[in-house]
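For reference, chains read A, B, C and D in written order, and residue numbers begin at 1 within each chain.
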Amino acid sequence: MKRIKIGMFGFGRTGRLVAAEFIKDDKFHLEWVVRKHGSDNHKYASRLLGYEHDYGMIFSIEEINDSLFKENPVDIIVDFSDSSGVQYYKDAAEAGIKIISAISRYEPEDQALLYSLADKVAVLHSPNITLGINILLVASQIIQKIAPHADIEIVEEHFKGKKEVSGTAMKIANFLGLDEKEHINSIRVGGIVGHHEVIFGMPHQTIRLTHDSISRAAFGQGAIFAAMFLKDQPKGIYSMENIVSEMFSKHRPVY
Amino acid sequence: MKRIKIGMFGFGRTGRLVAAEFIKDDKFHLEWVVRKHGSDNHKYASRLLGYEHDYGMIFSIEEINDSLFKENPVDIIVDFSDSSGVQYYKDAAEAGIKIISAISRYEPEDQALLYSLADKVAVLHSPNITLGINILLVASQIIQKIAPHADIEIVEEHFKGKKEVSGTAMKIANFLGLDEKEHINSIRVGGIVGHHEVIFGMPHQTIRLTHDSISRAAFGQGAIFAAMFLKDQPKGIYSMENIVSEMFSKHRPVY
Amino acid sequence: MKRIKIGMFGFGRTGRLVAAEFIKDDKFHLEWVVRKHGSDNHKYASRLLGYEHDYGMIFSIEEINDSLFKENPVDIIVDFSDSSGVQYYKDAAEAGIKIISAISRYEPEDQALLYSLADKVAVLHSPNITLGINILLVASQIIQKIAPHADIEIVEEHFKGKKEVSGTAMKIANFLGLDEKEHINSIRVGGIVGHHEVIFGMPHQTIRLTHDSISRAAFGQGAIFAAMFLKDQPKGIYSMENIVSEMFSKHRPVY
Amino acid sequence: MKRIKIGMFGFGRTGRLVAAEFIKDDKFHLEWVVRKHGSDNHKYASRLLGYEHDYGMIFSIEEINDSLFKENPVDIIVDFSDSSGVQYYKDAAEAGIKIISAISRYEPEDQALLYSLADKVAVLHSPNITLGINILLVASQIIQKIAPHADIEIVEEHFKGKKEVSGTAMKIANFLGLDEKEHINSIRVGGIVGHHEVIFGMPHQTIRLTHDSISRAAFGQGAIFAAMFLKDQPKGIYSMENIVSEMFSKHRPVY
């Protein structure tokens, strides 16, 4: 099978871990990585990550122009940088390159631009792109429908330094129609990487769906999952929760 | 709305709790309860459970004959007794009465008899009829399909006196294609009512589905859920896991 | 061994379960039970609880006078009624009867009266008299001292109908010097009997101490534990946390 | 305060993380690190770990002789290498250097040699030197004494690749007098770093002590804790569980 060619935006703390997952997976070829600042320019991401081979040449963002996408064609762009990356997608979409964006917050006009490209190529946008969190999200919504009388509470635990409420917990609350202030319980202690729990309380039984992050490399696995799905999709806008939701329906057991 | 008339088989430890749930729910009318031994004959289940009204006259099993079902017609029979109850269903099915059986183990010929009645009326058979456990079962099978590379382990915790491995855990293992001996971890301590946990381990994240029983009255709520479903169904054989599985598909969210 | 004679105040939801624990334990003899209202007067608590023998004659509170304690002498009074019981202790203390009070809230003058009796007999006062909760409390305080840099959060989960924050969680917070409003996380769902969790978060590891109540009969076991301890103690004021704390020191392992 | 000078043996996966903890803590000065193979000889551990200063010069094990300890004196040796390190301790002990060994398995004669040095200096030996695990161990033993009728089970969860049963779980089982085969439940899934749980089951309540490792840097914090304790101790043999056990007694609350 031909390897899927990946171009990445972002090589920060999460970006590096995501790049490493693509490098380790032989269904993919990491073609290049675009970084904001010019350090390590034209070195290889793989070398910087401790590998003895050359994958993912690093380009500074100033170097991007039409020709990057033509001279270094890829199948899919994976963006773990920031909201500014979207400015460069247009040329990519023109070149038929699909887009996976894991950016949390876009300015409205940037988001509009991103979604407009779905007229040309398949575009997936999911701030929390891990498989597990999206399974939690979809399963929670279904269980709420099956057991509408259950009381629901969300618990999220993170490292002490995390100031704001977990965006993932807020998304789950919103999708379940729960008031964020009342139903999200945020625990901040020590170095917990990330724990999300949805509790369904009924009079005589309790169901809990729990997700624990071990490392941010889970984002890389999520991006791989998204890329494997997106490679065969026609133009349009996609999200991890929608993919996972469709799979819930497709894979439901018949006894 | 007209109340759904229920006839029960079994008034043991679980049967009493189930009867109480039907008595408390005003969508139902508990018409009678059949007990094996003749004690408390023709008293009311409701009185024995501490209520000040008359619901659920108790009949000894020796009194059952064609006329019981005709003189005391019900919409649905709910059986929490033992495998012998099935002998009396035939007359019930002839009279158009639907059947919910929560019996764990049938002799092959008894089970064949039960299933043969599905040609006449709607028959539901589910040894573990709680809603939560069936949600766990269906969700686990779907997640296994979505994340086929996840390692799966089952943990079940029960009171010290429970000798055998949890039948529910064995069912989950079977449905997931896991070797029972290798992948079920049974903890026996103190007075734990019932705890089942399915762990999905991936390299960078872990998902856990957990079910805790607080009281065996959960079986009553499961029977109510089953009865509400069954009342509108044509003849045929049903199971809780199938009902729940269909609901997973029907209620999947679209974003 | 001579059985320890117990007199109880209170035969409500918890009182009945506590009485049952004393009845089942052959180190004790439940001599009598004092109830507020006169129903079931002079019947036996054991009969009301379904036993076929006569233990714990029920007295109405109006019948209490000096002679009750003289004619029906006991070794220890166990009080699961309400704050009013304390009015009758004085005669008991004069008669050398030890006192175990599990009352949550006393009026200041009632509490003063209770504590003043410690000049005559051994008096133990513990609103949450379960062994497990007191183990949690003491262990938490010690761990806080051993790992002073750990962040600490308390989680308590109870049934939906419980309006106020768990008194036990508040006590733990106070003993740990934590602001109750900031560090207690209260979850209210379904029918959870009682779950308390103290989380110690450090940068690279997390410790959790968890207590789950299965039934309020745990209070009975706590009262038995307290009675076994108190029977050999001289006059003075005692508490479960102090007993447990002393045991932590006495039983510390030496390697 | 004068910094405590540390010499380390071992710079493997765990050793590097431990070295980093000592480098980051300004109560310590990492003087040197001894590695088995000669790579990176005379470079600085701090540089290899990404710091911009010079701490912890790396020596090959072949270079060790009397003069290393004299020319590069340290207060404490911390050993995360393997059983062979003990051969070099004798000279260190002669020079008054205290020893902390985190080696899991020694040959009997090596262990005898290590313990013989306790006649000259303070020697601490603890295979699992994390604070949390030792708290779990000591607390479990105490609770077992306080609640002797509780059923006890141990659960340990680790990454799929871990073949053997957790040594820590075996130690806990041994100290509690529990049969390892019967009472340790080992879960192997995905990438779980390390989870240990001791469950105390009583008829009406359950207590759980849980320890979760987030990163192996917890060993570094344990070594720091041990070093802070050992610096003021006279000659003799010490262990983390003994230090923690003494602290349980010293810090027990009085109400």
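Basically, contacts are C-beta pairs under 8 Å (C-beta built on N, C-alpha and C of every residue); 3 or more make two chains touch, one makes a residue touch a chain.
All values derive from a computational prediction rather than experimental measurement.
Under the contact definition, chain B and chain D share the contacting chains A, C. For the touching copies chain A and chain B, the fraction of interface residue numbers used by both exceeds half; the interface is of the same-residue type.
Here the CA centre of chain A is 38 Å from the CA centre of chain D. In whole angstrom, the spacing between the mean C-alpha positions of chain A and chain B is 40. Here the spacing of chain A and chain C, counted between their Cα centres, is 51 Å. Along chain A, residues 190-192, 200, 202-206, 214-215 each make contact with two or more other chains.
Chain contact summary for the complex, chain D toward chain A: residues 190-193, 214-215. Taken together, the chain D residues at the contact with chain C in this complex read 130-132, 135-136, 138-139, 141-143, 145-147, 175, 200, 202-218, 220-221, 239, 241-242, 244-249, 251-255.
Residues 150-153, 155, 157, 159-160, 185, 187-192, 199-206 of chain A are the ones that touch chain C when the two sit in their complex.
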